[in-house]
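Two complexes are shown next, each including subunit A; its partner changes from subunit B in the first to subunit C in the second.
On to the complex of A and B.
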């Protein structure tokens, strides 16, 4: 029996997502036939059957995120029965291989890239995707010349030219930075690299910021009133963020134009309201998504938010839990930040930055009174949205925050 | 410069070292009146007398042991074993004592023993008189192993071997003793443990040993005509082995072929290949190829023997397999 595992396609690859199965359980497979397509942060890759046989079991389904070395499927060889397959259903998405043994099959999978050590080294130094190079050496091995050619081609066509399906070929790496005596040069984690790429991408979007101050007296009272009930029902402590998500979802319903994306000459308007929540994890950020936030009760939002945050910290989020948000909320209030502006999360067209609630003197009916005030800053993609639309949305937020009873309507 | 035969380079080295150092003496079968079965010791008995040039009965184990004692007493014996195949009958004094004496006695003794012996198939001498067993001896810490390919290297290396305070196995190829080459008129030495680049090239590194150097150079000419440039490296000394020169060449060419006449399996090619992979794998652009004899005793039938010995054509074939 052959165990098909998640190959390691690059030095930084930690996991991959199954995006398509070409075979189903019980199908006969030939050696070299495409079994499934996987996707990493960087590439999509067709994984071939290492040997002929019958696809005995698919462990990882489409959408599953599998760590490098994790079991994806079993291929039965002649004379073997499905009884030989270890474990039972439900193993999907779980890292089937223990970490200690995970490396061996990963290395085995890498062997499938037939490339000379020299060519491999040059490809890695220049950040060239080995899988995209056609080898011209004996038995199709990728040799030095092939890699040098790929580097040349990459230089000749420096534009990223993102054809979504094809793996990005040959991005020439900048010359390695020099390190002074009092410095340390640490490679970025794969998450950090993604953050760096995405945040840089933000600056290709013309955007602007709108800020409003809201009085959270009523929202605070509501939270105190609901705390025991929500905790009794869900076991989770209701947070200001939970209430804000509810408020944002309702405001998006009222201002559907905000719930959109710029899409290459068009604007994509979403009917679903899926709210991403920027969550701090060790070494970076993850944005889990609270689906259909407008259709969830406050208790449901609270429970979902809590579960996703825990999964994010444990790095157990699967791909669908991190993608497809239509609007994002970033709350730094608990860190004592009064006000900040958040960078858009392309392709989203808006993100709300929430500051701390601070007691401030404000004028009420001609009197100076002390009120808990919170600053909300909305970042907007100006290609699809204008100031008035953003202002209306912020006004809507203000109204619900200051009179949360309206949420019942 | 003067032209000299490979065998005469041996004689000159022995001659000069006996004359230079009164502690040097020669011992072995048929080296006195017989002047060496390959004429290696020509004229030496007549010139220096039987105190310096000792004939022995057929008793390799005994006179190898004698050399051990003589070295301990301060002499510098040069032991001739005719065919290296016969080293098998004196392995105990050589391997267990001579190779280890400096180590075991805490450096109280030096072991300035040189053992000359012939290697190589091609004379129809059969399985007992044709073997290349250098890998066995290179595997023994305490022994140095020298395998020269040219008259120049023969003379310079043999003189260095005799002057070395450690036991040195000096292996000459009996089938190329008539080959001529230039050497300086004046005295010179070739250091042990230093490889020689016999021909510079850019596409493939070919490490060739002893007689195979000639085959590699022939291959180089033919390959050059086809536009493939090979660099021929002659290690000259098998132990210590000059991996630095080999690795720096591999870093230049990214491709390596190793050629020796000894059977390919477990030969020194394996040691060289393994070291290159350990130290310079990231420079390799193709699998390392080895050319060596098939895993069989040396045949006595002339056509079979000819087929047995690795040839320039086999080197060309190996080079072409990896030169893209």
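On to the complex of A and C.
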């Protein structure tokens, strides 16, 4: 059995709050799959399953504050029974060998949960998940008080609000601002508040910018060539952004050091390449994430990007579709911006700002020629990355953009 | 290095704490001025029940005829009754002594007084015992009332009642609580003419009024005179060396002339001369205040048992002592008082756990009450003890909110519902659990069934 505990994400981290579970008790989990999202004062972080198995028991529920090292969940490994879980006569399912009987193990788990008869009756009456209650009775048994508390908490918990681009951070209430004539004071939307928080947070990160110009002649040709095929296959118009995501993903594979996060005294290197794409929506920005972009075909990227963008506009993105990106791309090219520098998306350590493709005179073989040029600006967290690493990454981007045929290699 | 714990008082709370602390690896010193075992073993639970058993046997023999047994010339040898009681007490006290030895607890005979929050000084030898923690378990003593003539000879407290050389011809008991009524029962059965005067509206004021009413009726029927709302105003000694007790009831002023007057009006925590003020330990209404971990207002100083007030019962003291010792030795132990049974050894016996009907109704007006009389229980009829009933209070969840039993072996029967309440088993569980027949315990199940209107035998 694997005990999942609160990781220490930073030197100063003492506790973390569970903000979201991606799995429920009884679910089979793969190693590396996201189990839950936790939030510290600084960051939100996806915790992955350390091993494959069955999520036997969730000890810490959404909203619970767990000290570093505190037990959050137990993962049962093949052959293990829920009886192995401490403080638990039994829990959750056997390995999902027989999906057809998925309901049965759950029922069995409920049978075996260590709970007083009275507490069980009340929990059943109020439709409270007994497996999710922490027992405070003798030997950790769930007693009436625990169930009544769970009922109260269920009542008190607000209906799930539309999920902002990042978990909101508590801000101390500022003194009420004064409003002069000819001014209007509008409260910030919750999304705007989160953006304000997060962008302010960016300035705690020492960062710098690297800019490069790339010639998009070949990329443009490739796009034109692939447009009908991709459209036929997916119904989506292939965009420059789609091609850039492909290029970025490939370049990250070649420059894995860029795909990282600073984490108080350590650097977290990601093996997965999940690319966030800054998407403008009414009243703000949302960053949906294209997962495993390096493993997706161009058509798949295009389709995913299109679907996520539509969901973003419809405000239908769920939290897991906009958290956990390892690198972000922000493209203002379509708005005619030649060049800009983007603010980092903490805790990420790099973001690529893409400007418009503009025909410019450039020197080629001693001749001035007109070429479609695009400016790419990379923002970098200098705590973990240096100029050369960023330069190598940008060179890699340039190479793939100017010779997209290399993507086939 | 092991922790050093000093325990003041060798009663149930004190020796319980000492043993638990020793089990958990502490070096323990226990200071007791008198005999080990405290009130319970020496002046309370044990000697009273020993006397009561003799008294009950005597009563049973006298009514043997009703069971078809002829027992002629049944008589009482009170000196032998006392000897038997003493033998039981000294055996148990000896048992505690050997437990102290076995657990390597140093027992000091004397009175301890706190010099500061770590040090207890033994009065007399002036030995200063310094430790990491102190547990105060100095108990309580019978309280007295400011009644005119209370200091007359022949006015006694429960300690004295246990060592009277002979059964008094007549006994007036001030106080209709558990102690007063148990002595009323004992001496009545031993042959005294007994009168009980209770100040409040019913005897056993803390108990369910309905249950107390049944006992009142039963005791009265057996020949014990009981007055409620009776205010004793004065005691005088007559020329014949008898006590004339004056008291006022709704019927006006009355008096009874008796051999002895027993004052049984509650118990007062022993907090004097302990140096509590020196250590800065807070008291409230004469009791040491403690938190749920049994720690006083001063860190490292704990108090358990009667000295903290509340339910002054031996099993509570023992439990509190264990709790204190565990907390001192690094565990996290919390006292829970919601499932403590309480027993009164009258005939019929009374035993309760949880809330009374009135208390329960205050919390939740929608409680349900199940009753079952011993009259409808086969075993009770066989025992010729069919007086009494079981009363179960439950709520919408079927929880065991409170149980009062009055009847044969009530003090044993309470264990089942105490466990049920502790475990949070409800009516449905008690009902679905098969009880052996013919036993008294069937009344519990039937009473539970009656909360759902489905009792079988009534």
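Methods note: the second predicted complex is superposed on the first by the 237 of 409 C-alpha atoms of A that agree within 3 Å, B and C clash if a C-alpha of one lies under 4 Å from a C-alpha of the other, contacts with A are read in each partner's own complex, and residues count from 1 in each chain.
The criterion applied here is as follows: a residue touches a chain if its C-beta (ideal position, glycine included) is under 8 Å from a C-beta of that chain, and two chains touch if they have at least 3 such contacts.
Note that the structure is predicted; figures quoted are calculated from it, not measured.
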Request  = Please work out whether A:116 is in contact with subunit B alone, subunit C alone, both, or neither, and reply first, second, both or neither.
outcome  = both
Task = Using the touch definition from the top, say if A:236 reaches subunit B (first), subunit C (second), both or neither.
result = neither
Ask   = Does subunit B (first) or subunit C (second) touch A:143, or do both, or does neither?
value = both
Task = Once the two structures are superposed, pull the subunit A residues common to the subunit B and subunit C interfaces.
result = 116-119, 121, 137-138, 143-144
Query = Which part of subunit A faces subunit C closely enough to touch in the complex?
reply = 116-119, 121-122, 125, 137-138, 143-144
Inquiry  = For a test of understanding, state which residues of subunit C touch subunit A in their complex under the given definition.
reply    = 397-399, 422-426, 428-429
Key: Residues of subunit B that touch subunit A when the two form their complex   = 254, 281-286, 321-322, 324
Ask   = Taking the complex as given, what residues does subunit A use to touch subunit B?
value = 116-121, 136-138, 141, 143-145
